[in-house]
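Given below, in the form of structure tokens, are the structures.
Each of the two complexes below includes subunit A, the first together with subunit B, the second together with subunit C.
Take a look at the complex of A and B:
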């Protein structure tokens, strides 16, 4: 049985694409990350319901000259790194994204 | 009756930074006088204030400044803590309370935090930067400790009005970013002038063998700015507000890298 890996952007971040890059700031410690072009593609596709291998196949291998195995390995390393910093969530089940916004007026 | 009024007035002072008057109350008149001296130039003559803080003093030496600042939003209050103070503030009631030892540094930190939180909602921020006004235009010189913020302030020509050598106050008014004077100082140990002017440019500082100015754009500019913005609150909404403001700022204000030799010639390049 195949093990799927689902990835979703954390709600505790601020992010914005700028050219081919994406800048991501952690809301918990204000650390700033800059994602390169390929990492930005994975980041944008991390909707919590599309398995990582599907993202890699459809978004990376379809656009870049790289083998599926190598691309998936790189992608897993990337999402693992981002998850360690708390800006990406990884699960073997689909993830439902919470907004994390506050309703109280400050 | 008049003596009671006099006592009540002596136990509070309104400190106005960036056009935002905050009343500070304390039952220790000596500490209130210390506040008045510390924030000279920023003490409002009016008794009007947008926010009120009650200061409770703890005995000296009971708390330490070593711990990190922690700012969180909880049940309608901002909670601000460090080893030497604990403060809470309810923006809805416009009231807050500060428990601290009798030193001006704790209050200084609380005021910086309060202003970062208020500025975030209004499209502004505090920045690790010295700033000065020359010919009606404000220039910001930003960098980490040792980058040259105070050096640029010391080298400023006589016709420049120094706004701060440490923490610059950036506000959004009438479709422009302004730099505002603050009493927050660094090595210069001198409050900035209580003035404001539209920001002409932000310079990211580096010391080098010659004076060079390079334009920085896009992600590099945003990175350079965000690296020096004061973030206190561990709060997604606050971080997003400041993050978005940083992108807007670099789209409107030229950002340049200033490599400089620490002598007065560097100011000849500032325009």
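Take a look at the complex of A and C:
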């Protein structure tokens, strides 16, 4: 049985797209991050209901020249690190309420 | 400003994005501070719906840092509704308030909404001095109570200490108070003219001797020798410098929807009740003119030894009558800091004229915001942190 991984933007952040990058600030400790173009695609797609492998397949592999395995490995490293900083939530169940109040703008 | 923030600001400048906006929700206030530059009457503030729409527009335009100020922001009954809308649009929100209306319940809501910083004005560690400046008995106690409520919630709080004749030497007391409350501290010896041009409140400014004392206080400015070092003159590179972020990556919106380059730069550029925010930002002739000005275009400042290092405020220069001219207040400040007179200072003192603003002073960035940045962030597909 396949294990799905769902990702959602935390509500305790400030974020804005700046060109092809994204600025993200943690509201808990004011740490500022910037996400590059590819990371920004994953960030924007982290709606809590789309599995990570689907995001990678549809948003990354469809646009960038990278194998699904390598892209998923990188994406898992990314979301793991973002989760450690409290700006992204990860679950094996859909996170339907976590980022629903946020309207991302690009 | 950190390296990462500077990098983001440079990118925003290149992309013509208003990275930072100060939005004043109201000019009404429950204090009556003797140095305040505002007309506190309500001349038709934006409605809740208008402000929410503006926030949507600002998010679409790329605004990230949103300072919500006033007046006293909690005088708006819809304050939390507005704040909730702003946070739902993922702005990085800083609040400026006197804290008088912040109790435990409000502090809990602010924490839940994830504001980045709350800045509270404290004029003195002596209650009688603070209350005499605010003209509101008991305000010191209420503001300090607010700081405690906010800190209990774990919120970052900054005590903002505006200095004037009445509290010239109290900054060390307020700084100690901030340490006791586990709050940050910033000092600002700036009394600006009223927004309607009335300059009578400038008489409250500290004198040169007091200003020199502030500039030479290591606790405030860090390395005094470096801070007060003589100017190094102007080279070719400096001539292409931009004055400050006002109109370049930052702007100000009044409670009535008027857009200006900065709260201290009252050059009207448009009104969001008639024109979309982003259209004002991109197309206003006034913004374009502000953006066109470099040090090279300033007849006096480009020839001044302080030109490359001066903290010249283009808004104060504009209020003196010429946005390409010097800001005499900053000339005074440069002289107090280094002992070297500016070109404008020499000219003025060679043919002195009565001018009330000569003591007006302004410091920006004495204590830059502290942020923690991890040495390294995420490998792989994250660029940097």
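Everything that follows uses one rule, which is that the second predicted complex is superposed on the first by the 97 of 106 C-alpha atoms of A that agree within 3 Å, B and C clash if a C-alpha of one lies under 4 Å from a C-alpha of the other, contacts with A are read in each partner's own complex, and residues count from 1 in each chain.
Keep this in mind: a contact is a pair of C-beta atoms (placed from the backbone, for glycine too) under 8 Å apart; a residue touches a chain by one contact, two chains touch by 3 or more.
Treat the numbers as computed from the prediction; the structure is a model and nothing was measured.
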Would you sort A:2 into first (subunit B), second (subunit C), both or neither based on which partner it touches?
neither
Contacts for A:39 in the overlay, against subunit B (first) and subunit C (second): which applies, first, second, both or neither?
second
In the three-chain superposition, say which chain, subunit B or subunit C, touches more residues of subunit A.
C
Touch check for A:18: first (subunit B), second (subunit C), both, or neither?
both
Is A:27 touching anything from subunit B or subunit C once the two structures are fitted on A? First, second, both or neither.
both
List the residues of subunit A that touch subunit B in one complex and subunit C in the other.
11-14, 16, 18-19, 21, 23, 25, 27-30, 32, 34, 101-102, 104-105
Subunit A residues within the subunit C interface of the complex
11-19, 21, 23, 25, 27-36, 38-39, 42, 74-75, 77-78, 81-82, 101-105
Once bound in the complex, which stretches of subunit B touch subunit A?
73, 76, 78, 91-92, 117, 121, 218-219, 222-223, 226-227, 231, 234-240, 243-244, 247
Which bits of subunit A are touching subunit B when the two form their complex?
11-14, 16, 18-19, 21, 23, 25-30, 32, 34, 100-102, 104-106
What residues of subunit C sit close enough to touch subunit A in their complex?
2, 4-5, 7-8, 11-12, 15, 17, 19, 59-60, 62-64, 88-93, 114-117, 156, 371-374, 377-385
